[in-house]
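In order of appearance the chains are A, B and C, and numbering begins at 1 in each one.
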Amino acid sequence: MSTRRLVLFILLHVVIIVGAIVMFFPFLWTIITSITPGASLTSTPALIPANPSLGAYGRLFTERPFGQVILNSILLAAITTVVQLVTSSTAAYAFSRLPFRGRTLVFGLYLATMMIPLQVLIVPLFVELKTFGLIDSYLGALLPTFASAFGIFLLRQAINQVPVELDEAATLDGAGHFRTFWSIIVPNIRPALATLVVFSFMSSWNSFLWPLIVLRSPELQTLPIALAGLQGQYISDWDVIMAGSVVSVLPILAIYIFAQRYVVQGVASSGIK
Amino acid sequence: MTTVRVGRRRTKTKYALTVLAFLLPSAIPLLLFVLGPMVAALWVSLTKWNLLSPAQFVGLDNYVKLLSDPTTGAVFLHTLYYIAGYLPLVYIGGLALALALNTALKGRAFLRGIYFLPVVTSWIVVALVWRWLLSPSTGIVNVVLGWIGIHGPGWWTDPAWAMPSIILASSWKDLGFVMVILLAGLQAIPTDMYDAAKVDGAGWWRRLFSVTLPLLSPSTFFVIVISLINGFQVFDQVYAMTGGGPNGASEVVVEQIYDLTFRYGRAGDASALSWMLFIVILAVTLIQVRGQRRWVNYG
Amino acid sequence: MNRKILAAIGVVGVAALAMTGCASNSGSTSGKVTITYSNFISNGGNEANLAKIVTAFEKANPNITVKVKTLPYASYDEAQQTDLAAGTSADVFDIDGASNYGVYEENGVLAPLTSVPSSLYNKALLDTYATGGKQYGLPTSFSDVVLFYNKDLFDKAGVSYPTSSWTWKDETAAALKLTDQAAGVWGDHQPVTYNEFYKTLVQNGASFLNKAGTKVAFNTPAGLAAAKWLVDKSGTTMPTIADGQGTADFDTNLFKAGKLAMLHTGIWEFGAFADTPANWDIAEEPGSTQHANAVFSNGIGVSATSKNKDAAEKWAIYMSSSTEMVNVRLDSGWELPTISDTKKLNTYLDKGKPTHRQVVFDAAKTIAPAPSIGDNQSAMQDDITNELIEAQAGRETVQQALDNAEQKINALLKQ
């Protein structure tokens, strides 16, 4: 290695590592603040807290219904995930394996819904769910998340990769489409399914606008809503707000660490045509 | 003869039913909760309605009113400001990181993991954490700036700095996302392309501009399309960080839709604004898809 | 894996069924009813006081349970409006003053109250919650904004305490002497908001709207002086926005920390300031050409869609007129009850800090009426506040701010 390349090599490492520290610092600062009692608008916490305390966490669970809130988040994310697995994989199978007239058009229509963000639908959705009497219920929060164009797109790509010969062999054995789907396709697209699981769970866990509108009672609320509420309730108690942030990040972080491969693969594969 | 025809018809019907069975689980929610509401929004946009008293039909009044209201222009402008600040930042930052991590770097997977961490964090957490980091008097950013003799700005409390604060926080969150997409694109570029360029005596920058970027264009295209669609819908971090303030300096389109509906009781105007936003997103996306032939290289 | 997925789907199915069931469970079983009460008045320090009143009510009415939902003042209106639109409103809910009452009443979301013991209430306030001879809401409390001051800081700077004969000039002179930026001590604090502005206008002989309420009337020399009175403190005797001024709690925390000599705020802070070590007291706000005070009344109403209107009305009446409520409010220094029997209020005067509680009643004698314009009320309030803040931050002149606000609000009034 020439000196010049060595210098470049070291420089690159230094920049990347310093960058990583800068990227990680906000998380560290969040944790530090959360264990510094009385961290407020009038004082900046020290890097190493003099009197660390978990008091702020205690307040989350005693003064606010954070235990219930966490359960709500888990319940909603789990249901969204399972339902999206079903709706996405069946649709993806149809678009990949079941030719019918106008399929391209229907598929195009499905993809076009990706361009219609929920944000532009809040008024009619609100009125619709009010008519169904589903405002302020879990189901009201869930229904609009039941189909995911992204999931269908992702799984269709995966099913396209499964050799058609496998289906044909099954058909020769007398299997219908449901059998083929269940025993040939599903087992062969497990990595893509895993990616979808992680994505659905994450997006439900983090979703904000719709739950904010539809979940009215404090005991039905999910973490992001409760967190945004903390800001109104504990305006200058940054230790409590940061403790709430830590609590809401930890579960998703755990999932990310276990499923990192699928997350990164999912993002990466969505970018390649 | 007849039995065969009936049988064929029966298999045809059966096939159609099978297709339906596979499509309905997704088609019903999409119809009920996306396309239906989309049409309903069009109707609401023609009414004056505060969601409490009965709606009154007012024709195109809401559109006329919105188009002549300077606030409408302002919220679109703020949204564009957000995109214009955010997109170059995450793209150039993400590209630099992807290029660096695409070399033989020690602990690459770990570093990639660190850079990706903010991606899985919710927008609300990102907004709250950055609100605290950028707190004007006691936030760590201004404290550190103070050490080196810089008097930090008022960040989210100052109209001139509110949007930059949001852009900064958003870029921090999405940098890793862009990096991973571009990294995947980079890894798909065959190494012999670089070898050929090297033989031709092309330096690092030459190779970047004549090999890497053209071959990376599909990934770049994807990043831009997604960033624009998401950029026009920006809401969560604005709501939690500035609430659109101070004095509406960071009020974006979706925040305005929300405020009109639930704060000012103007659901008709909100729906009209929703449709305007949808048309803008549609137009921008179509222009990009049309324009991609000129610069996107699918090799 | 297959079996696991099946099991998961089963769980989801059961959960979905269970959920539709638990969406509405506010029915009545065996004569017992649960009513919900959504409020902002107890937020930020009075939660325990409200709980005391609830307990007393439940004891007196064993078949009624009150479920309380407390929201921060800043997000209350938006949340309540959304709930009303969604049909998920609490049975009983707070009404933030007479202007909001008007909006609610017009849209028919309030149930008429039929068994109100009218004689127990202050008549003038009770009438603000009646329309067409029917009572649609009840006043729960009244409060006013006064001048809080830190005696220790006044003593240290050798400045004499504020009196009712003070004018703006005296306040400014004192504030300048009291400000010691090096020590982080500020002389004065007055929020730059709509609520302060409409009052200062009257203090200077101007008014927010014209008599007919059809046009803005604040863009006059007297109005400009009033706006300047609010805006110009920032940076000289009051912290700037960059210092954190304007964020909620900033001013009260500064006062509690003994770093603020004078503070314009409401008497609802008595409880929150009770434990601060500093010696503090209150005085009537200085005027310019005359005294004028912002008096706020909070109200309470029953939702037109409530399934338990009778129980809900009982609670609304209890919360606004019962002896237990009066006692809790007086003991804790919470906002004052709006009862007709003012003799009951006498004990309030000697309940400890602050000493000059008489000021609370004196201030209520000269009221600056709040402008009320119906549906666009929140938009109007936001517009004037935002423009004043622009001027405060120095991005506009005060005159430009008033010009802009006049244009925006006149447009709202035309709608």
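Convention: contacts are C-beta pairs under 8 Å (C-beta built on N, C-alpha and C of every residue); 3 or more make two chains touch, one makes a residue touch a chain.
Everything quoted here is computed from the prediction, not taken from an experiment.
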Category of the chain touch graph - line, ring, star, complete, other: complete
Far-end chain from subunit A, centres as C-alpha averages: C
Interface with the most contact pairs, given as the two chains involved: A-B
Distance between the centres, which are taken as Cα means, of subunit C and subunit A, whole angstrom: 39
Averaged-CA centre spacing for the pair subunit B and subunit A, given as whole angstrom: 15
Two or more partner chains touched - positions in subunit A: 40-42, 86, 126, 213
Subunit B, residues touching no fewer than two other chains: 51, 135, 137, 262
Where subunit C touches two or more other chains, by residue: 82, 85, 244, 247
Complex contact set, residues of subunit C against subunit B: 77-78, 81-82, 84-85, 106-109, 241-244, 246-247, 375-376, 378-379, 386-387, 389-390, 393, 395
Touching residues on subunit B, where the partner in the complex is subunit A: 15-16, 18-19, 21-23, 25-30, 32-38, 40-41, 44, 51, 97, 100-101, 103, 105-106, 111-125, 128-133, 135, 137-140, 143, 172, 175-177, 180-185, 188, 218-219, 222-223, 229, 232-233, 235-236, 239-240, 254, 257-258, 261-262, 267, 270-271, 274-275, 277-278, 281-282, 285, 298
Residues of subunit A touching subunit B in the complex: 12-13, 15-17, 19-20, 23-24, 26-27, 29-30, 33, 40-44, 86-88, 90-91, 93-94, 98, 100, 106, 110, 113-117, 119-128, 143-144, 146-147, 149, 152, 176-178, 181, 202, 205-206, 208-209, 213, 223-224, 227-228, 231, 238, 241-242, 244-245, 248-249, 252-253, 255-257, 260, 263-264, 267-273
Touching residues (chain side subunit A, partner subunit C) in the complex: 40-42, 75, 78-79, 82-83, 85-86, 126, 130, 133-140, 142, 182, 186-187, 190, 213, 216-218, 229, 232-233, 235-236
Subunit A partner contacts - residues on subunit C that touch it in the complex: 1-2, 5, 8-9, 12, 15-16, 19-20, 22-24, 43, 69, 71-72, 74-75, 79, 82-83, 85-88, 244, 247-250, 253-254, 257
